[in-house]
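So that you can tell them apart, the chains are marked A, B and C in the order they are listed, and the count of residues begins at 1 in each.
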Amino acid sequence: MFAAQLALNALALGSAYALVAIGFVLVLNATTAVNFAHGESVVAGGFAAVAIAGLLPAGIPGIVLLPGVLVVTALLGLIIAGVAYLPIRSRPPVSVFVTTIAFGIIVTNGLNAVFGAAPRTAPALVGSGAVEFLGVTVSLQSLAIIATAALLIGALAFVLQRTQLGRQFRACSQDPEMARALGIRLVRITLLGFALGTAFAGAAGLLLAHQFFVSPSDGGILILKAYIAVVIGGWGSLRGASVGALLIAVFEVGVASVSSQPVAEAMLYIAVLLVLFVRPEGVFGEPQRVRA
Amino acid sequence: MLPGLRRIGLATAIITAGLSLVTTAAADSLRIPVLVPITGFLSLEGTSQKNGAELALDGSDVAFDVADTATSPEVAVNAFERAMNAKDVVSVVAPMLGTQMLALIPLADEFDVPMITVSGTARITELGSPNVFRFFPGDVVVKAAHARYAVEELGAKKPAIISQTTAYGQSGRAELDRNLRALGQPPVFTEGLEVSVKDMLPVLSKVRDSGADVLLLHLHSGPTALVIRQARAMGLDIPIVAGSAMHQPETAALLESAELLGGCAESGWSPISETGPEFRAFADAYRKSFNREPDAFALGQYDGVNMVLAAIRGGARDAAGVRSWLESNRYDGLAMTYASDGKGNMAHSAVILCYIGADRVPQIVKRYRNVTGVL
Amino acid sequence: MTTPGLQIEGLTVRHGAVTAVSNASLSAAPGEVTCLLGMNGAGKSSLLRAIIGLAASDGAIAVSGRDISQMATEHRIRAGIAYVPEGRRVFPGLTVAENLLVAGPARNADRQERLATVFELFPQLAQRPADRAWQLSGGQQQMLAIGRALMARPDIYLLDEPTLGLSPRVIDDVAESLARLVQTGAAVLVAEQNAGFAAHVADRTILIQTGRIVAPSGAA
């Protein structure tokens, strides 16, 4: 029963982490750029939830905040694209590292100035209670996190697999120059990648903010988790990012329960090193990408 | 000379004279740089430090600048070195983050400037530096209170400890462990957690499996609230006595009233729990200036800066004078009476607070005065 | 009266300090295969990339009499050019059908109609619409790349060394595909170093050497 409890907790946490990692990969695929402001985008989503909840009657379920959070963080993504990526996209990649790191610092300090340094909590998605199911205490919040993440990931999969825009996005991620030669507008795809990717990060922020709180300084550890997920799962692979994120949660929850948290963290990094040595392209490594 | 040029010359002379007056005034005033973590995982506590220092310095003749030390020792060292470029620095408000303090101590000794801080990390006053003055009861004091309350008041026979893996956490855990053993009740379970850990089920399940009858926490604000929330959610109903983070109103604000009820914490003091007029005046002034509730870190820093101002009023005009005054005098601050134990530990009392009412304001349930016997 | 087909006048392409194409003039008429024949490094690819807008250039480029030389690539595509690059460059992770659809028009109904047409012309592709492009052979990928160009129904086809790395039997299939493109009434400009293939398919041949059009002189 306890193992089932741990599995559920790991799945809930991993689902939220998966949204973070998927958002990271969406930007990566649209641009080849590593967006170091991505962790701060998760935090921005959490604080957007806190702010919007403050404008609504008390007791409102957190799921109601999702559309607003998605819109706000998608707009943030467009700003990041316009300020920190598009003007310098023809420069060496390290330039984008610097601009997105700087943007992330601006977001962190901005949130600190507006909301203060204290951790904040957002409303529970559907309620704070729990249900007993086959001897396992299942919190409504955990179930809601899993369901919301699954819904968003499913919607993304539909868009990417079944729509022309999704095909164009995937084509750009594999060969942007050839995509351009077919008439696909790369700037549009770039903006879409940033908007979608940051919206996913924001959604993760909402999902995490009730159970785990949100602080302005949380961004650094979140970008690290996204990076680890992508290294394990495969650079550029959405499926791999999800698997990598779930694996991180398995270490944080499962491995930590039988050893200790510091040991679990060390073992996670050893696993990352093993992946890099044995299969450097990651578990679901994508075919080689052609740079524009 | 042409009329226009004459006007320009006159304006230049006035401006230059004015500047030299300003410069002279600045050269005459003493300075206390305020170097605190305003961003990063300790930003909540660091902001309290900043606010307490500012409240004490506002209206005084002493000049001050605030610099953010964030979370890394390098940033703190850079901020300190930049601060030393100014003239007439008589003291420095130093960050409460233990790892930063440990990096700053050699610099403070090199520049021979006393640092006043509210850092709880025990080690900062064990390195033999004459330039560290801690205005918050150190781990030696608060962890003694923490352990004694658990054993003597709650009857703990199998205590468990969860601490942070930071220098603050390790220092506190070592003191808690030592005190519990001295009281004859060694811990049955101990684990350290990274600041970023979100899911507490693994560690709480191990606490439950250990058969612990009291849980002692030595964690920062967010992790403290997470442990309490998740312990209650999983039905772990043993008493929880948290570290000083739990006394902060911002930490309490993260929890529902039902989750708060019965929870306790150690602290140097709790300004919002006191009802005396001087505390109310302090709390009112704090709320008015900063739009938030004061906590013990703010109060400790406020008292510490005020003691330095008292030293200046007492005739100290440079860093050596301030240091000498702090070493050899008592000071009746708002929170308590301060006096150095010879190593720079100025505060020697602690309290235990518990959330026992519906109003979410903790009550002081036990005072531990002069724990070290220095006063 | 607008001149149909492709018209290039005084085209110069530079890659940094290196001049890849110098003052080239040529034309490709509708309903014909014009072959640009030259050795490796002669400037064939640079010239085609400049026409499609993937390489910067000076000079005039016109499609059906319309000057496209100042247009961005996506607008040149809309003006009626399709490009089949050297090495095929199909999207390896997309399926056969997806590779074709992504090059299709905005309306879904139009896309599906053109997809059906391409599958009729290339039965090999019709047999494996759900296979990922990386799973196809070199010849099948070349068919896919040509089919992808067909989806746009352009006035001008640009093909860069379509026979590179292919077996003789497959090269015959490529020749057949070019014939189909010509049947649509489009102008086809093929860059090749395979003289035998050029002789087989071309209605007109233009020689390019070290970035200059050498024969016939005044090729435009």
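We adopt the following convention: a contact is a pair of C-beta atoms (placed from the backbone, for glycine too) under 8 Å apart; a residue touches a chain by one contact, two chains touch by 3 or more.
What you are looking at is a predicted structure, and each value in this text was computed from that prediction instead of being measured.
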In contact with chain B as well as chain C, sorted by label, we have A
Using each chain's Cα centroid, which is most distant from the centroid of chain C? B
Looking at A-B and A-C, which pair shares more C-beta contacts? A-B
Centre of all protein Cα atoms: which chain's centre is nearest to it? A
What whole-Å value do you get for the distance between chain B and chain C if each is reduced to the mean of its CA atoms? 71
So the centre of each chain is just the mean of its C-alpha atoms; given that, what is the distance between chain A and chain B in Å? 35
Give, as an integer number of Å, the spacing between the C-alpha centres of chain C and chain A. 41
Across the complex, what residues on chain C touch chain A? 52, 54, 73-74, 77-78, 83, 85, 89, 91-94, 98, 101-104, 106, 108, 111, 134, 148, 152
Within their complex, state which residues of chain B touch chain A. 38-41, 43-44, 46-47, 71, 165, 191-194, 196-199, 201-203, 205-206, 221-222, 225-226, 229, 233-235, 248, 250-251, 253-254, 256, 292
With touch defined as at the start, can you tell me which chain A residues reach chain C in the complex? 164, 167-168, 170-171, 174-175, 177-185, 286-287, 290
Note: in the complex, chain A contacts chain B through residues 2, 5-6, 9-10, 13, 108-109, 112, 116-121, 128, 130, 137, 139, 208, 211-213, 215-218, 221, 249, 252-254, 256-257, 260-262, 264-265
